[in-house]
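The structure's right below; bear with me while I get my questions together.
Per-chain residue numbering starts at 1, and chain names A, B and C are given in the order in which the chains are listed.
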Amino acid sequence: MAQAMAHRVQRSRRRAIVNHGGLLLLFWILTAISIYPLIWLVLSSLKTSSEMFGNSWAFPEVWQWDNYVQAWNAGISRYLLSSVIVTLISTLLVVYLSAAAAYALVVLRFRGKAAIYALILGGLILPPEVALFPLFQTLTWLGIYNTYWALIIPYTAFGIPFATFLIRAYMVKIPIELSEAAAMDGAGPLWSFRNIYLPLCRPVLASAALIQSMRSWNEFIFALSFVESENVKTITIGMMSFANALRSDWSVLMAGLVISIIPVLLVFIVLQRQFIGGLTQGAVK
Amino acid sequence: MSSRIHRIVPYLFVLPPLILLAVFVYGPAFENVIFSLHSWSSINPDWEFVGLRNYRQLFANPVFWVSLSNNTLYAVISVIVQVFVALGIAAVLSAGIFRPRLNTFFRTSVFLPAILPVTVVGLLWQLIYQPSIGLIDQFLFSTGLGNLSRVWLGEEQTAIYAIILVSQWQWTGYMVALFMVAIAAIPTDLYEALEMEGATRIQQFRYVTLPGVRESTLIFTVITIFGAFKVFDIVWVMTAGGPNRASEVLGTHMYRSAFRDDVVGYSSAVATVIFVITICVGIVQLMLQRDE
Amino acid sequence: MRHHRVTALAMITLFGSAAFSVALADTTINFLHKWPEPENMAYFEPAVEAFETANPDIDVEMEAVADEPYKDKIRVLMASRQVPDVFFSWSGEFGKNFARGGRAYDITDYVYDGEWEKVFPEAALQPFKFEGRLYGVPINVDAKFMLYNTSVFEEHGIEVPETFDDLLAVCATLNEAGVVPINFGNQFPWAASHYIGEIIAKLVPNDVRTADYALTRPADELYTHTGYVEALTAFQQLNDEGCFNRGSNALTHPIARGSFLAGRGAMIYMQMVEFGRISGSPIDESGWDFFTLPAFSDGAGDPGIITGAPDGFMISSETENIDEAIQFLKFLTTPEQAKQYVDITGMTSSVKGAVTAENADERVLQGLKYLDAASGLALWLDTDMDARSTEVLLAGAQGIIGGTETPEGVMEEVRHTAKLVQQER
């Protein structure tokens, strides 16, 4: 009896190990599929073009750092700078404006609140593609086509609904007494927004900022349509021009791709936990 | 006086977002519908009201139907992989089966593609799919499976699948992370109670995890469908809708009509269709989110 | 608080500096072309600098967009009403479209001033005319030829094909020997349109063809000549009988060209302006030559026609700086600049006498001779037909390669679209 029992335990443990082993293998394969293309990208960017095709799996014979010099000289820095400017400003605007709106929606009392919230939230279901051509005309009419503002303003407008939703959900958990007490002391709404709510909301503001900066950084169709000059193009579209000019020089192209992902990659590696945590605050792709 | 100011102040907080939304989100969406009833081009911008002609042309155009079915295919595959497969992966990673460090490593690795700009992803995979010299073909030929090799992005039968696959590669890890957040929100005592009763991990998944993430699953499904119908970037980078329009989606069809064929009214009609589809999906999403 | 000030300061610096630098020069002309490749910018950058040095009161803001996206970009700019003062245009329908819409400046009187027009051969100006007026200044003249690897041809005892059937036979011989007959990259299907355009020109009478392209034939006769279907069938034969490398629909032309230059193929259909890229490549050492795409024994079109066209620049009708723009174009077409252009880019300048034995390969000179001797010039099909019908034809060409479309089916769709466009015009 005891023996049989021991047998069974052993068998189930063995099965657990087998299952575990199978799962482990499966996850290693998944991981390999996820990151091997990137490793291949980095390795290939350090090879000569012919080596890259002939000897795809091996390490470079001679590390071709020159590919990076060539890619850099082809003007990637301009695109990166544009992306940084556009991302930074649109993120600041989105976070600040959304926080202000969320504050009013949660704390202040005024008529039409529900309708206004619905109006802001409604922006979530309008895909940017739909507005493409009319928006393009509006920007032209405003005279900001082909400037940073042609990206910053639409990014801000399309980013506000989600950020407001996110921040509002956090603010409703803050006890209303806090601002009521401040109001009793004669503080205005602006004061209590800045000095009570903004500091308290720091975690959610950080998430909103992260989500918005990823959106702005990776945005494609507006960047493709609303700016034209090389020195205004963001990295997503800049890399298209870069690739078109270098179609036949693959290793340099790949070096350029690596350079273009280094900034985000660095931030991701350093702030892994915050990064994943922040991005999963709301499901936005 | 001061009470009047008091009454105005709250509106000042919500005014900037409302103006931005009106001018840059709602306004253009509304204009788009007007545009779709006119015929005009960017080079020769003479307006002509044509009623529903653009829509009739649209529904008579086989490219439109190809696009629509590609979007649908995109949605179906994405839901299977990014919702159901991702849920499975998330459940395993959440169950603490692997050592914590390994667990974090797996999660981070599969998440990584999600942070890459779509241009980089598209160009990278273009190289991977390249006939004969790309990574996939090299793998097939070196393992003696050379006869399976296809011109992945160059054949009408495979191009859209090749693109959809890339999209799964990029986003599944992100969805896994989302599911892990949802699973983490399930009270652990539910698991403990079942474990006391000697339930297996699979049973725990079946009776605790699944019901626990039901609502999140619904929302993620809707978001995935939403994304699949407005997809543009990855297709534009990888094939621009080719070969022979086989990988065209509504987004690229719209873009090409406006900026290549120069039929802005027609393009606006395509945009309106995208709008109608996504608004239906979006309303479902909002309703689900409110319930939550 | 300090944070805010820093941000504000940074913003002022960022956005202000651009405005400031513009304000220094008296006049700015915006200049957009389609040669962003480093080897081409190596000419344009110093050229613009030289112009600015010679004209300190004029500032030239140059932008370049690659060939394929250029077609979208210029339309976007037209719609945005921010047309650059000087912009690139293909000749033929692509450019006529701008003239028809009143978006290009009528520069007839500037060019035909008794001096400037003598710089160009009249044949290079002709394709930039619309209703008798001139709208563009040519920068280069180009033609399409079939290049071949001489050592591969010798090795397999192949003669230069004289008819289309000979060409198919050459493909068969090469395939038997395990050599890729023609390197072909058709991911962007303008590549196929060059084959098809030239074959059409050889199978459809000139007047019918040009009237179809211009949509001036009666609606029910548009694209009905049997030569069109025959032309697509010929193209289909090239594909089905194995003339092209595998996967042409997934390869870009530069990649296909790279294979040919590396000696991995016997032939490639290539533009004269690309000849400059050959020097220093493996094929340059093993030897190369070229021939015109062979004629059909019973074609209804012009057997001696060559596909080619001048590329050039137009001036926006909305420009406020017409004199400066003209001055800039005159500068680019001076003999010295034209020589520089040929020296650096290897392109065939449209300026008479710019391409010489000193700065160009003998085969480039030979190509120019062919061009002079040709009985006619068929412009690039993808810029000579209207945009929508072209898109249909080009997609169809990819379908023919993939085996999912028939020549008849494609022409049916082209007819349908052409009628629509004609109706709406």
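By definition in this document, a contact is a pair of C-beta atoms (placed from the backbone, for glycine too) under 8 Å apart; a residue touches a chain by one contact, two chains touch by 3 or more.
This structure is a prediction, so every number in the text was calculated from the model and none was measured.
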| item | value |
| --- | --- |
| Chain contact graph, described as a line, ring, star, complete graph or other shape | complete |
| Chain pair showing more contacts of the two, A-B and A-C | A-B |
| Gap in Å, rounded to a whole number, between the CA centres of chain C and chain B | 37 |
| Centre distance in Å when chain A and chain B are each reduced to the mean of their C-alpha atoms | 15 |
| Rounded Å distance between chain A and chain C, as computed from the means of their C-alpha atoms | 39 |
| For chain A, residues that touch 2 or more chains besides their own | 137, 225, 240 |
| Contacts with two or more other chains, residues of chain B listed in rising order | 259, 264 |
| Contacts with two or more other chains, residues of chain C listed in rising order | 76, 79 |
| Complex interface listing, chain C residues touching chain B | 71-72, 75-76, 78-79, 97-98, 100-103, 186-189, 246-251, 387-388, 391, 395-396, 398-399, 401-402, 404-405, 420, 424 |
| List of chain B residues in touch with chain A within their complex | 7, 9-11, 13-14, 16-18, 20-21, 23-29, 31-32, 35, 89, 92, 97-98, 105-120, 123-125, 127-128, 133, 135, 138, 169, 171, 173-174, 177-178, 180-181, 219-220, 223, 226-227, 229-230, 232-233, 236-237, 251, 254-255, 258-259, 264, 267-268, 271-272, 274-275, 278-279, 281-283, 285-286 |
| Residues of chain C defined as touching chain A within the complex | 7, 11, 14-15, 36-38, 63-69, 73, 76-77, 79-82, 252, 254-255, 257-258 |
| Touch list for chain A against partner chain C, complex | 74, 85, 89, 92, 136-137, 140, 145-146, 148, 225, 228-230, 240-241, 244-248 |
| Sites on chain B touched by chain C in the complex | 39, 41-45, 57, 129-132, 151-156, 239-240, 242-246, 256, 259-264 |
